[in-house]
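Residue numbering begins at 1 within each chain, and the chains themselves are lettered A, B, C, D, E and F in the order written.
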């Protein structure tokens, strides 16, 4: 793998909250969670390749999966955004499949997935049901601090339609995420076990493990 | 029971409001209320073991049930959160079963139970009906002081669905709590009577009483 | 009746607004209103005994009915709170029964009755329909000055359910209040007439009149 | 008529907005408007007798109808409040009956009538449909300056029920007002014509005109 | 026409936005727009006579139609307010009839028409469906700067009824406006052509043109 | 083409966000996006002629399409506003037709299209369903910073009707935009390819390419 400056690495998926001492159980959860992100990324041609996966706690993060942007894109396409949500939900999908239980570890991932999905619908007019229309306006941000909290300029009926559309993108991404991981459950276990033992994988090793 | 530092004891369930002079009736209510928390905790393998139960008023608290965290967990699983609600509602469940009446003593317990249940649905995406989506955003906290009061970024329809899901977690936990206590009503009376007489039980004695 | 310090008397029901000069009609209304509170209190074993009834205007109050707390309770039970509402609505119930008209004199009573009923439902989880859940949170109080005005964290549907439950407690209490007074209408007249003549009754005399 | 101090006269009904120069048409409207208030008052035994009627503009007021409180009441009964609304709507009722058109002159009257009706329902629990419950709370007044603007602590469903009840009191009062005036249309014309000629009527003269 | 001081001229209808250089097309639109206002005014006996019509841009205004108040009215009747809306919508009505297209030129007219209609319903109780009731209160104006923005003290159901009533007044006025102009389309063309040529008409000339 | 001062060029459509280094893919997207704006403009007689198209990134803009106002219009007609929306959606329409995917590049276009459509409905009374009425008022702008965020003075029902009307204008414009481009897909490719090669087209060259 060629030289990469830290600055060019922009996408970090699934940096989970973590305190200093790590239990065996938490280590296992983190390993499967991060492996989930990494494997989903691998199978989505739209997404930048995995650059590094780690389950060594660093600050608030219990682990992370980095991908490496190939070039400096100006626009993001709808299909790219959809796949980004699939990647973000890969951690929770892995937890469900492996443990049959889910944890608070995915809270940041699903918050970001929700934000992307909502922006697709309300800011980029990418929902087919609602069409090329924006809802809410960036101008109120100053007053309420955040796009989400802007004063609503549409009806309850449209608000419900927006919720339906936002949910659709999320749920179909979650399904895709689970399908990829179920189909590649052996690879998921392989990567997770490698992580539990080695705590870190770089991009080349990851590609090797996936082969 | 091995040495435990005060600092490692983090979970205190059911510290009830109490003024200085305690009537016989209030003492009885507190004893059954705290015994309820303790016994429910005992029968949930997911929960940390009971460390101490007391009905000696201390500050605002009329009594308390402490459990002892076994290790320093990084993530909390959905099933663990569900059981935590079962424990929190153990006090009220005991009151209903024993006295056929309920009191204001459980107000803090149900407030915490509601908060956990709401977070499961809106922050951790743990409701099956709503899926891995977040509702509301932490960013408004600055303006309205609390997650709960954040400006709503979803429709009335979703708000109603959230309420249904929050209620489901609470009600099924309350049922579980009552079932455990009804099945172990003799143990409940035994522990409560011991508390009325001795005002305090430590973890070892509690295990002994439960045997 | 044994010595009682002013400080131990905590419950004053039905202190009505009143200006200095009192018309005969107002005096009669006050007498029946306060007698209503007192007689309802008498027939509810859950409530503390009547300590004093007065129709002498004092400050803003046109009259009052005091009861004497027997001991220093820590918890208030649901049945106790229900009966407190019955007592609070005793004044208005008496007006309706005797005059076939109602007055502004009960506004403070019904405000307090509504507050108790609302707290039972939203703060103490005492409504069977809604279960052991809290609605709204004390944390916003700082911003809007009052529990009632807190930013709503639940749906319109739940808001309507809360209203139904609050109303149920009030209406069933009002019915109970009217039943007690209709069944004891001669006692009501007797106490009211005594009050019109003597302006004040102490607890012992009141028990005597009720016999 | 015995001596009356200005200070004892508290109720002024229908002080209408008016600029300095008065057209014949406006004078006629004011005369019938004030005569409407006065005659409705006369036929409601619940209301204090008319003390003075004037159509001489004074400040913002185009005319007024004063009544004289008989004594210093402490409570206001529901039936009294209902009749006060009848009086307040007497001006508009007279305009409709005489001119077949209505004017902006009644805006202050209907604002006060609405306020009384709303208070009956939300503050004094006088609506049979909603019962002895208060809605909204006086505590928010500080923040929004007015009972009306207080943060709502009830559901849309109850808000709609309140609106229905408020409207009922108003509409039944308006009907009563029109009935009284239609039945006494000759008296209405008589008083209005007298006012147009003399601009002022005192209580004794008014009683004489009504005979 | 007798001497008129500028100060007595209070009603200016249809002062449209305009920049310095005027295209032929804009001049034509303004001429028909103002002629629309003037002719509708002429056929409504309730309205003050036209005093001057101009299509010379002045400040922000592209043209204007002034009428001359006959006397200093104290009250405005419901029928007068309805006709004022008819006049305000005369400009847009003329555009529709003549060009089959409408423009932004009427935005100020329809804003004022909406405000009058809304005040009729919510402030003057002039809607038959809603009756003599006021909605919202002037007291909040201080906080939100405008009657419109006042905190709502009524239900969604009533809000929808208000909207229906406000719309009814507007639509029936718009119909009346179009009927008058369609019936007098030759006069409309006559006045508009005169305006295009002369840019200004005074009241006497206008009456002459209408004959 | 005659001399044109920069100052007279007021309409710039589709200035897209762009960072310094441009990928081949982004360049292609921009070229088709801008060509879409330009060609739609060309086929709408209502719109000012195209003056310049560029895909050279400048500041935040990845490209732009300028048209040249023919004269200084005072009013904008409804049909003109509708066509302006068609032009604004030409970029996204081109992306859909050519790539079968859409991008974030149109977010500013659809925000402006939504704003025009909303103003047509709420400010200029140009929706046939809602009629010549304004909704919301400019007066609140001071408090919430933007027309959109103004306190609502209409019902949910009307809010939903407004949303329907706003959407109608947008969707019919988007259809028109796609129809024009599908019918002229060869011209679209021709202009886009020319742009990819030359990065800039002036008005005369554009007309030549379209021939």
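One rule holds for everything that comes next: contacts are C-beta pairs under 8 Å (C-beta built on N, C-alpha and C of every residue); 3 or more make two chains touch, one makes a residue touch a chain.
Everything numeric in this text was worked out from a predicted model, so none of it was measured.
Shared contact partners of chain B and chain F, listed by label: A. Separation between the centroids of chain B and chain C, computed from CA atoms only, is 33 Å.
Rounded to whole angstrom units, the spacing between the C-alpha centres of chain D and chain F is 57. Inter-chain spacing, taken between the CA centroids of chain C and chain F, is 66 Å. Residue positions of chain F touching 2 or more other chains: 156.
The touch graph of the protein chains shown is a ring with every node of degree two.
Contact residues on chain A toward chain F in their complex (touch as defined above): 71-79, 123-126, 130-137, 139-140, 142-143, 150-151, 153-158.
By the touch criterion stated above, chain B contacts chain C in their complex at residues 16-19, 21-23, 25-26, 29-30, 62, 89, 92, 99, 101-107, 110-111, 113-114, 117-118, 144-146, 148-149, 156, 159-160, 162-163, 166-167, 170-171, 174.
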